[in-house]
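If you scroll down you'll find the structure; I have some questions about it.
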Amino acid sequence: MSKAADSILKHLKVQRQKQRAILKMRWRCAQGGFEFEQLDTFYRAIRPYLCVAQFFGIMPLSNLLSRNPQDVKFKVRSISLGVTGLFLLLGGIKTLVGANVIFNAGLNAKNMVGLVFLIVGIINWLNFVGFARSWSHIMLPWSSLDILMLFPPYKRCKRSLRSRVNLVVITVFCFAIGDHVLYYASGYRSYSMHIKQCQTNHSRITFEHYFEKEFSDIMFLLPYNMFSVCYGFWLNGSFTFLWNFTDIFIVITSIGLAQRFQQFADRVLALEGRHVPDALWYDIRRDHIRLCELTSLVDDSMSNIVFVSCANNVYVICNQALAIFTKLRTPINYVYFWYSLIFLLARTSLVFMTASKIHDTSLLPLKSLYLVPNGHWTQEVQRFANQLTSEFVGLSGYRLYYLTRKSLFGMLATLVTYELMLLQMDAKSPKDLRCT
Amino acid sequence: MSKAADSILKHLKVQRQKQRAILKMRWRCAQGGFEFEQLDTFYRAIRPYLCVAQFFGIMPLSNLLSRNPQDVKFKVRSISLGVTGLFLLLGGIKTLVGANVIFNAGLNAKNMVGLVFLIVGIINWLNFVGFARSWSHIMLPWSSLDILMLFPPYKRCKRSLRSRVNLVVITVFCFAIGDHVLYYASGYRSYSMHIKQCQTNHSRITFEHYFEKEFSDIMFLLPYNMFSVCYGFWLNGSFTFLWNFTDIFIVITSIGLAQRFQQFADRVLALEGRHVPDALWYDIRRDHIRLCELTSLVDDSMSNIVFVSCANNVYVICNQALAIFTKLRTPINYVYFWYSLIFLLARTSLVFMTASKIHDTSLLPLKSLYLVPNGHWTQEVQRFANQLTSEFVGLSGYRLYYLTRKSLFGMLATLVTYELMLLQMDAKSPKDLRCT
Amino acid sequence: MSKAADSILKHLKVQRQKQRAILKMRWRCAQGGFEFEQLDTFYRAIRPYLCVAQFFGIMPLSNLLSRNPQDVKFKVRSISLGVTGLFLLLGGIKTLVGANVIFNAGLNAKNMVGLVFLIVGIINWLNFVGFARSWSHIMLPWSSLDILMLFPPYKRCKRSLRSRVNLVVITVFCFAIGDHVLYYASGYRSYSMHIKQCQTNHSRITFEHYFEKEFSDIMFLLPYNMFSVCYGFWLNGSFTFLWNFTDIFIVITSIGLAQRFQQFADRVLALEGRHVPDALWYDIRRDHIRLCELTSLVDDSMSNIVFVSCANNVYVICNQALAIFTKLRTPINYVYFWYSLIFLLARTSLVFMTASKIHDTSLLPLKSLYLVPNGHWTQEVQRFANQLTSEFVGLSGYRLYYLTRKSLFGMLATLVTYELMLLQMDAKSPKDLRCT
Amino acid sequence: MSKAADSILKHLKVQRQKQRAILKMRWRCAQGGFEFEQLDTFYRAIRPYLCVAQFFGIMPLSNLLSRNPQDVKFKVRSISLGVTGLFLLLGGIKTLVGANVIFNAGLNAKNMVGLVFLIVGIINWLNFVGFARSWSHIMLPWSSLDILMLFPPYKRCKRSLRSRVNLVVITVFCFAIGDHVLYYASGYRSYSMHIKQCQTNHSRITFEHYFEKEFSDIMFLLPYNMFSVCYGFWLNGSFTFLWNFTDIFIVITSIGLAQRFQQFADRVLALEGRHVPDALWYDIRRDHIRLCELTSLVDDSMSNIVFVSCANNVYVICNQALAIFTKLRTPINYVYFWYSLIFLLARTSLVFMTASKIHDTSLLPLKSLYLVPNGHWTQEVQRFANQLTSEFVGLSGYRLYYLTRKSLFGMLATLVTYELMLLQMDAKSPKDLRCT
């Protein structure tokens, strides 16, 4: 008997020691020391991309090199904000020049595309400044939740958050670079074919003349030289980077949140078939509330980014679809057109699918609750079950719509209906290649 | 011991005195005396705008200057109703003349706009007469609820209802006046450009001729002189005022209801973490039922106003969108076109967003209920939680649709789809400025 | 003491006598005697209209003159079915002749309308034969429920079912007759105007020639004389009657069901604030299940009628809307066009609104349940509350859609979107009156 | 007394013997012996069709002739996969040749149809290979569930699963063969009429020339002879078979799942009015969870098949609808056009209706639960009721949409809206038969 008592005492002691060790570790992590740096936190996963974004003036935060998220703040007097200001200025000039040209020529469906692209870029820069301002309000609770959920009783996921994020981001950016390169290649090819077919002066088929046409809004203010061409490439590239970054940013955030909900579901799953005291259910329920509150906080701050991103993607896809039956001039045009359309559709679907994962994983614990045996089904479990189903958890565009599979389907269905109409109109009207 | 008993007795006495004071105050307020006037009631917030509306024959109520809402009633023999009758008569004549002209020329999409504007105006006047008839049935329970919720245990909101309403109304009306002025400016500019381009007799570019064309339905019956021009301005202005007032009225009502639901949510929030007896939960639940019944009562009486307002707004926006790719003649036309389209979109969104706030705030107490500790979770709380989620609380158009963010999104999505179709058609058909 | 006991005994005796009297009365009613005839049953309300329908071969039931619903059955060898067969034969010939003409000329959007009208008529006749076959399976439970709910504890409604039904039916039929008369008037006017404008031989403007054109499918087989014209009028009238009857039938059924749910809600409301034993709640719940089962039974049998009716109405409305901007020839054409469009919209809305009332009234008891005091809130009440919200109660078209306000709004929204497209197309294309 | 005890003992003994016999039988069945073969399992119902599918390289499984589902596996080195590979190769060549021709001529709405048909075929073959790989993971739990539910306490359905499946499949395939034959008949007739009207050289109206045109993509690589014509017929037929098989496969699976849910509902219904111990409710609830898990497993594996099938059907229907007002040349064209359109609509509706039956039958036990008497309503029953309503049970296309009646209605409504637009356009534009 004394032996059994001994072993129990030992066991309790070991457990207490473990818990104390975990608490100590958490405390050290919360101090933001080296231990924190080692953790697979969301901050660690997103930091490299935020650093890259600084070079394009996106999300102006200072002290990004610090490993402690508490140091990272939005400061009015900082280099980052200066860079953002520069981009806003240069982008603004480009936009104004473009708008001027278009309004003089008469706004129409075709020339509007370029202008909308620029305006959306400017809005995105401003939205990210807004998000940067609320950065510290979001990152502090998120980091503390990360610290909480990276130690037992929560288990770490097999694949770290960091590697998941890296995989997705690098894949998307490779395709995005391909898209950008093809854009210039296809543009130059179109230009040279156009000259060949419609003009007699074939000497105009040079890179110089192409750049003059491509960057006409810049050449409007600057003389043509090596510098202004580079400047044109750089500004165009920045807008394109921003466009891709917006979607990528939503995807990263969604992965970060979904991973935590997954861990939460795993913990509940691990309790299956075991006797769980009410106090533990209460702890679990409290953690769930914290997770939901974090998601809701992120949703509030990101709503404008999500809204603009989705609206813009839908607009560009529809615009591309407009040209689906146009007879294009050269194979490279075909390749660019289809590559770009499919890339866009895939990226938009990626945004919706990863974001919808937050909601899907948030519902997973429900299945485990079904299997709670009858004797252990208390009011606390009942409340937890109700809580799980009563609210929508996930990202939204101003709560006008939620990023779910259903919304994605609605969007696709609308696109298909639209395309069907084009099919119909195409079947009735003749097509030709005009020299305009 | 006696000391402790003493202090408890004192405390109880003070509390009883407080309660008695509150009851007394409430009683005095219910008498509609000077005390009531000081309260931040809905009646006090909306009264100034109702007074202004009397001058345009909208919502004919008598005794509006009284500070007691019980005195304000709909009377058949009153000056207000006379004014309304005058507007209905003059507006009716204008509408009939307009309808006659249009049916002779053949009804089409373009000339229909003006006629619909007039008919909707007439319907709105009649709807407001109907609302005025049920005014006292709504205002009495509302005022008593106001009296209930402007004293403890309810806390007043930081910003008073009156200041909120004033801010919104004045902002909207300033923009509305700008819209109205731009309408005439753009109209005159269009007219003069049209004469210049299509006619040789440039002497017709005078204000006189412009007014003759603008108010052609009035000049049809009256000779041209200063008076008839003023009359034209005044009647046009009244219709425009009515149009704006309809939306504003929905917004004010929504703010009024949402504020009460907010106070209610704040009270439930204040109970977080405290032991709450069942009797108190029952009181809270009863207050919630009263709030919901008031909302339902208001919804029933306002359904026709909401329905006509939304239908008309959507129609006008679609009609504007029709002209989005028309090449306009002058900068002032562009400014008016975009100003008016954005103003309309913003006003419609404002209606939906404020109205959707009623529902959103009505759901807020749910989050507090999640945090009720396990021991205090009784059947009464359970029923309260069920009650909160079981019904839709808010304004609707005959319950065919509800004013929510989701509906707004549906409307916007339809508009965008429609606009996309225009994009497509625009890309296929040539445009020109015709002299018709 | 003995006095009190006496009075209690007396009271109990009186009550028992009352209950026995009610049971006796119910029994006598169930025998279908004179007492049943006096009751405000659904059978009594619909019988006159079924009798009228027999003359048009709709819903072939025998023994309709009997006052006992048990006698009314579908018989294969009956005069009613013979009449139906005659109509199917004559209507079928008309349809085949019409189809032949149209397929020879080439099917298009315009000439399809008439053919669809005929085909839908034939389908409706067959659907009503199908409904007649399941008539006795529906009417028996319905009548027994009627007997149950026309005695205490249920209270009768103020306005009897019969008077409600009569009011609606007579109103609709008056408008329908107006519509039918205007159809011929407008048709003749169009015909004469067409001859005047496009042909030199004005002698053709006679009734004779008009009838020859109007009933061309009949004149294809029969020689022109008084009889064949009357036959043409009669057959056309029958199809039109059937079309109106289909909608009217759905409306009557909906009113009948909604009235019972209203009585049920009134009974639950009467229990507000009283102590209700569980046994009584169980009785109430069982009655609710019976009501829901009846509704579900009716829905199953009527689904095809509802589906065809809605589909056809939407189709005809859209077709009318197609012509909304066509410049019509004469005022009578305008009057007919708008009268017929508005009548159709109103009738369709009436169908949806009355049918949606079934669901709305089925939810009414929920509000009474909120006010059940805490002590009396038992599991039985909880189950009743759950039951009320868990299922949809009402009519549907094969459960593909339900007749609710929301569906009506969806339909209207689609119509409006469609109309907007027409607006757009109309604004782009010229219109003219062709002599074809 | 001893007699009664005796009879009870006997009764218990008999019951125990029965249970043991059932367990023994189940065990033997699970071994996959002759007994298993006799059971009305899903595997037995679908096997003949899988065998037929092998000849077309669909769903490459080995050992399909074995009566034990455990032997049927996906093997990389098998004849079945070889056949599939052959079809993919030949189909791929056909597709590439077709794509080459079309891209050279310029992609448009009309010639896209054929290409999409081929590409969808290739995707379907690949999807079925994917499904075959997860076949054993699905069939094992399904077979064990079948064994469980084909013995008491579950009752067998009146009509066996096998006969139901056979009836549906044979009906659909007969119509499909009719469709295929009419396709060639109509094609040949169109071809000969085209030659007659547009060319002088009428000697070209031979089968030989028709086949050369019909199988132009094959004649592109092979010389014209008997063999290549047969090859053309065979490859075309395979693609058509695959297209029909995809839908049929979804239908069979749905029938199989719905039947089990029906049996489950019947079992719960049989308990109505009896005292049911909590342990039995728990068993029932566990069976329900198993059924739901199986459905969810099937849904996950079939999502891509469902998605491609629905998308393709909708696309083809819309494309057919495009031609609804085209004046066709001969009666056989009309017959083929309408036959094929109605067949397609009916097949698509069949897919949706049978699949929606899974969800409908899964909700049936709810009605039985309403009738559980008050005393027997325990927490276990409450949880069962909650479980029934909390989740969607059924097939879906990547959970973007679910196969329900509502989705079918949404699809039909979109089609109708689309058709309405065509109506409108048709009414405005002239039609003619061109010789192109």
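Think of it as A, B, C and D in the order they're written, each chain with its own count starting at 1.
Definition applied: a contact is a pair of C-beta atoms (placed from the backbone, for glycine too) under 8 Å apart; a residue touches a chain by one contact, two chains touch by 3 or more.
Keep in mind it's a predicted model, so treat the numbers as computed, not measured.
Common neighbours of subunit A and subunit B under the contact rule above are absent. Annotation: the subunit A:subunit D pair of sequence copies touches via predominantly different residues, less than half of the used numbers being shared. The best fit of Cα atoms from subunit C onto subunit D calls for a rotation angle of 90°, in steps of 5. Centres computed as Cα averages put subunit A at a distance of 37 Å from subunit D. Separating the CA-averaged centres of subunit A and subunit C is a span of 53 Å. Those residues of subunit A in touch with two or more other chains are numbered 417, 421-422. Those residues of subunit B that touch subunit A in the shared complex are 325, 327, 334, 366, 370-371, 373-374, 377, 385, 389, 405-406, 408-409, 412-413, 416-417, 420-421, 423-424, 426-428, 431. Interface residues of subunit B, counted against subunit C in their complex, comprise 103, 106-110, 278, 282, 285, 289, 314, 318-319, 322, 379-380, 383, 386-387, 390-391, 398-401, 414, 417-418, 421-422, 425, 429.
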